[in-house]
């Protein structure tokens, strides 16, 4: 006991004096990496909340069995990666939007979430390759005329080139839309139950479920680490110092995950864990699911017709 | 590094699942043997850890930042087989929840980041570390080199996967169907970015984390030193890797053969060639459709490119309307069947 | 149910230390009878949690003996799945951090987990799970994921997941930590009715007011990680000198802290 009992701690002189403003540092603080990481983690929580919110609605896709949805959507994604004609790809891109709108998802935020970033980037990354540098054809959009000094052949986009870049973006977006649709209209536990139906071993699904569950516990810790760092950072810190912080955060999280896994294992043992994976409630397939699968098959036929006719 | 769907053809993404299946199987068997009943929580928490590390933005220089993968770090801490499981699980959650990395490309992404990266990185780490301690200077240098190498090996794989696409898949008009960049473009650009920026970052994160653990949780390494990988010879432990390598070797030429006719490019005539006949009903629809939209373009919309583009859009529109009607109808049926909301 | 006079747990000269660290428990000698209400008191770091984990069969004394239900409990015997299953069925453990205890995807699966491990028929599992949720008033939470629950709801689910196995002994590690006053009262009532039904309750806490309400008998651990006192809880509360000696309270006890 270093402190005599019943006596309030005495504050040092500087703590009782009025605050002096912190020294102004030149330039802005470089904390983008923290903001970026925090935003990313916050998205994780947001995602879970919105999928819980939508999965509870008593609408079309929500009432369809996870297995039926998984199989149908996987089929559409594979189909999307195989077809090349414009009508088929454009129609296929519209399918998730139609499903989303009858399932109570907010169409604007769904479109922003799915098409807002990744497909756009995929398209832009593919653009240089779609130009006449790699894909020749009949010029449609001329950037540099053929007789410009220094460019013997000029630089242009052919219709086929542009379409090949657009196709990459469309395919990316189609795959993303179906994945998002599945996630937003299905509870996580039924989603992994769908994987079980696809013969993924039950122990692996237990790992997946538990990883997802504790992701949030760990993410909260990570978020608090970043927030604490963010709040105490005033002024410019060296990049290497910030990098070291991220390395240390990784180590801290690793220790936390290690501690948690040991405690969870104890808790499992206390409830008689014998290596048997937790059971998954398997709902029986209903008429709803059959209707859904039948409709999906018809949609597939329409798309196939579009693909083969054009 | 997370490859989205769209860049790779299914003839690349589906064999990747075939290659990963035995890897996953072996990884799961081996980690289960080592961890026994504690396997589920240990692997699960390690996966959540892996997921979070992949979320970290690491400052590079100025205001820019890059992402770490952390696969080699996990391989060093828990062994490469655990890394296979935990990074794969993390990638699966990322693909489902964030759309980071495609659904079909999941196998390819796992091959690069959950298989090539931890194993190549761990091998380099072990060779360079020799018999010295993991958290000594030499151990840390080996960890840096391992992470750097592992990430670049993964990037090289990704670059090759991109690069073979234009060789394999081209449409009738010569335009690439998937990634347009040949190996001569994809390899230098990927390796430049990863060798110069992402590789060193990956190494620094690994070293930072190991140095921190050595200082604040040394007991962790004392336990781990007698871990699963010590008693085995360096190569003996990797015997089970031979199978996927063989599978890959067999499947690659198959993929090249399949590329001869990209499936999606078959026209009705080609189907006829392949099957010897056109299904009767199909021919009927074909005639009906063409009568409706002669030559892809409506005369009213003019000839040539504009007309054909408009014809495309119009037929897409017809398709979408049909599909919309279908979805609306079935949604009504289903909603009625569900009855009262719970 | 066990005979009320039977000795349930007995520790003889038990010692335990975590690898690479100073001992957590030194020379512990205690014996508990069936149906007793016991609380383990001690300052932070005195070894309360370690002691509870010995009782729960998660740790084993490195020196000395631990006997439960008339048989020695050793690591070797606990490695036998049949022995472990029957032991864990009889002894329930509520962790301080509810998060580590709620490892399934939904509340319903969580409560069913222990029953499924016993390989009960699915119908019995569903039935008992539902009864338990009704008893604790958590039916609306059935399909929720544990992450989205509040601290109080998590504790209730953790209790449900253990009580559903109908254990004879319930061990609670700092059960009221982080609960609001209303949930604390709810928990105390639940413990009272469990005790009335003949269950043995072992609670660890450093919250002295709680001790007198959840236990008749107190075991006080000193900072030397040994038993400093063992007797009726009310006697211990009055022994200010002893409580001070083990650094559980300071001079202001039993008054509340005076900031004037």
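Points worth noting:
A, B and C label the chains in the order they appear, each numbered from 1.
The rule we apply is simple: contacts are C-beta pairs under 8 Å (C-beta built on N, C-alpha and C of every residue); 3 or more make two chains touch, one makes a residue touch a chain.
Every value quoted in this text rests on a predicted model; they were computed, and no experiment measured them.
Among all pairs of chains, A-B has the largest number of C-beta pairs in contact.
Chain A has the C-alpha centroid lying closest to the overall centroid of all protein C-alpha atoms shown.
Most remote from chain B, judged by the distance between CA-atom centroids, is C.
One finds 40 Å separating the Cα centroids of chain A and chain C.
The centroid of the Cα atoms in chain A and the matching centroid in chain B are 14 Å apart.
Averaging C-alpha coordinates per chain places the centre of chain B 46 Å away from that of chain C.
Multi-chain contact residues of chain C (touching two or more other chains) are listed as 103. Chain contacts: chain A has residues 209-210, 212-214, 217, 260, 264, 268-269, 273-274 touching two or more partner chains. Multi-chain contact residues, meaning those touching two or more other chains, occur in chain B at positions 41. Within the complex formed with chain A, the chain C residues making contact are 53, 56-58, 81, 84-85, 88-89, 91-93, 95, 97, 99-106, 108-109, 112-114, 116-119, 122, 125, 143, 145-148, 161-162, 165, 247, 250-252, 258. In the complex of the two chains, the chain A residues touching chain C come out as 1, 5-6, 48-49, 52, 187-189, 192, 209-210, 212-214, 216-217, 260, 263-264, 266-274, 276, 278-281. On the side of chain B, the complex with chain A involves touching residues 4-7, 9-10, 13, 24, 28, 32, 36-49, 51-53, 55-65, 68, 70, 73, 77, 85-86, 89-90, 92-93, 95-99, 102-104, 166, 171, 173-182, 185, 201, 204-213, 216-217, 220, 262-268, 271, 282, 285-286, 289-290, 296, 305, 312-313, 315-316, 319-320, 322-324, 326-331, 333-335, 337-338, 340-342.
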